[in-house]
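One structure is given below, represented as structure tokens, and several questions about it will come after.
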Amino acid sequence: MSVLEQRWNELADIKDELAERDWFLGTSGNLSIKVNDEPLTFLVTASGKDKRKRTDEDFLLVDGEGRPLQETNLRASAETLIHCEVYRLTNAGCCLHVHTVDNNVISELYASNGSITLKGQELIKAFGIWEENGEITIPIVENYADISRLAQECGKVIKPETKAVLIRNHGLTVWGKNGFEAKKHLEALEFIFSYHLKIKLASQLSVLQKSSY
Amino acid sequence: MSVLEQRWNELADIKDELAERDWFLGTSGNLSIKVNDEPLTFLVTASGKDKRKRTDEDFLLVDGEGRPLQETNLRASAETLIHCEVYRLTNAGCCLHVHTVDNNVISELYASNGSITLKGQELIKAFGIWEENGEITIPIVENYADISRLAQECGKVIKPETKAVLIRNHGLTVWGKNGFEAKKHLEALEFIFSYHLKIKLASQLSVLQKSSY
Amino acid sequence: MSVLEQRWNELADIKDELAERDWFLGTSGNLSIKVNDEPLTFLVTASGKDKRKRTDEDFLLVDGEGRPLQETNLRASAETLIHCEVYRLTNAGCCLHVHTVDNNVISELYASNGSITLKGQELIKAFGIWEENGEITIPIVENYADISRLAQECGKVIKPETKAVLIRNHGLTVWGKNGFEAKKHLEALEFIFSYHLKIKLASQLSVLQKSSY
Amino acid sequence: MSVLEQRWNELADIKDELAERDWFLGTSGNLSIKVNDEPLTFLVTASGKDKRKRTDEDFLLVDGEGRPLQETNLRASAETLIHCEVYRLTNAGCCLHVHTVDNNVISELYASNGSITLKGQELIKAFGIWEENGEITIPIVENYADISRLAQECGKVIKPETKAVLIRNHGLTVWGKNGFEAKKHLEALEFIFSYHLKIKLASQLSVLQKSSY
């Protein structure tokens, strides 16, 4: 099996698994995996497909500017330019963009801060952070309708050590050195986001209850 | 494969997928897909079936007034008349009516406004609305027990550009030019409804907390 | 296929479907289906099994007092006596007892009222109640550790027209004239319970917000 | 089939089922099953695997100090030492460590008490506690980054009758005399935790509402 086929299957497996969780509602989301480093080429999801189906037209091969490398009637996901930024600025080998209710709620609640810092949660170790009070900061960017502008804004906040970016009321873009790590990072963040929202709700109610006496 | 068979399979696939998400609890919900334009004929779910099973009796072919086109012992869904209104007033090719907890909660919370306007959410693009602050308004009608009356009320609020109607404490009726688009619209709305409820809860608690000091 | 086999398969299919939804956590829940009327015999789940597996030992045949009709090393569910009461007092053909978080929360919130009345929800039609403001009342009984006592208390609140009983912090017992109807009733109630809790939460927050100004 | 193979399959089945529920997000969680008593040997999950896949390298056999019994390139889960403590201090035959949002929220809300006591819930019977107002107490320990320290702290709170330990903002460790019972205990606790959080939320809102008049 060629490297291209291996990467294709790796990404298709991830797509199947995330689709089963209903993480691509309304044909949302886009995924990519690096095939070659110099020059950069990567497979990215074709636009507007139902990601619950597995077909030969799910992905197309693009270059570092997101342009198709073969003649094709497929269009790369509109947000391919964001994947380009991720590969340009980090050592990512795979990049996943997913809309969930909880990552959207987090992106809105903390948008005015420009980021959210997560700490005190075991699953932060999924990012290779092993200290007792390890923390991770996820930048949040505004959701510009113009994709070049949006990609540019993402590019501004991505440092080599960044693991993910939230786009306000839009979704999470997260990556890892390969498909396995990217999925691990995605799952860990979704877990921590859900945890964060639930504990925040419980804490707010406790504070209210105390102040009401 | 005839057009009829193609449409049958398209609708049956959608039914399977929504059933897997438990979006037809208590035999609720009904689905239809257009087969012919002039005169209008469409396939619609037979009444009272368990939608988790796929059988040869899941759908029947009806005319623009919802009357069966063949002799059959199947009854069309009680709410077929609402589908008739949708096909009469829009260019819909497929129409889905689904009960979820969240679409019911939204329908009740905003019933007195007669509609809900959703904005500032990336998934609004699923409706082909690409502006930065694009919005979509879903009318809400009262849940008359008399179906002709209910269909009439739905007819009153459906404009050519309308994409969906909420029936109070009952469910969502949503459509698209074909099965693929109808399902995309349904999923996008369910996502936005769930997001809306969760962000509203968080905002209300924040306001309360501030006012309690 | 004998009537016994037909009923066995019907109940096994229901068990499979509910197990897939994780409605039998911790080996909870018990199911039964009537096989004969005079004298009453019914199949009931054997005690302590993992209901996600389908085996030849899932059910055993018992009489109207819940006693096994064949020599067997299986024990009938501890709560078989409650099923006996349901068959004695109603025309049920199938009876399902299921623990969900939401039915437990409802049972606790309304326990001091002795019942909960549900209205203004389309899915009440699943119970054959077609009026515009149809309602249904579910009695709630205390959860006596002594099963004979518990069955007796259930018996006291079950009228011929009763469709379900809630046991406080324990679960829902619901029935129908056959397996299909019992499952329809169960799903409709679970939907309405979840809806009820979510709309109650939203309403309470709105009231609080108004009173805080 | 040897005892080792039987135990392997038992644990692999449990792993499959919990993975299907997404209870191992971000490669979290670890599982073990006892193979021999004197000297103690048990199978434990290999570190860093995707638990949704079933392979020949999912588990490895270790001794009472958590050291591999065969030459292997697999590493035992980092938290194997906690499993050693469970086998040393109780008659457990199987031990499951799982991260869920709800068990994490509970562990944080009650951390300052050092434990949570659950009562008034039918599913407490899953632990063989049959009294009418039976209760169960789950100790909560701090989440030390140093695993030996963490295992030691778990060891301090585990009595022969303890059924589970919560680690703060980390997860639940629960056991039973065999795989079947361990899974039953796990499911019962997760149900009770979710119930507890939802009833607590409802109660807090009711109290607030009353105090706001």
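Chains: A, B, C and D, in written order; residue numbering restarts at 1 for each.
Everything that follows uses one rule, which is that contacts are C-beta pairs under 8 Å (C-beta built on N, C-alpha and C of every residue); 3 or more make two chains touch, one makes a residue touch a chain.
What you see is a predicted model, and the numbers here were worked out from it, not measured in a lab.
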**Shared chain contacts [subunit A and subunit C, defined touch]** = B, D
**Message:** From the C-alpha centres, identify the chain that is farthest from subunit B.
**Reply:** D
**Request:** Just give me the whole-number Å value for how far the CA centre of subunit B lies from that of subunit D.
**Result:** 42
**Asked** How big is the gap, in whole Å, between where the Cα atoms of subunit A centre and where those of subunit B centre?
**Response** 30
**Message:** Going by the contact rule already set, what residues in subunit D reach two or more other chains?
**Reply:** 201, 205, 208, 212
**Request:** Counting only chain pairs that touch, give me the topology of the graph as line, ring, star, complete or other.
**Result:** ring
**Complete:** The chain pairs that touch are A-B, A-D, B-C, C-D
**Asked** Okay, in this complex, where on subunit A does subunit D touch?
**Response** 17, 21, 120-123, 126, 130-132, 180, 183-185, 187-188, 190-191, 194-195, 198-199, 201-202, 205-206, 208-209, 212-213
**Asked** Any idea which subunit A residues touch subunit B in the complex?
**Response** 22, 25-28, 50, 52, 99, 101-102, 104-105, 108-109, 143-145, 167, 169-171, 197, 200-201, 204-205, 207-208, 211-212
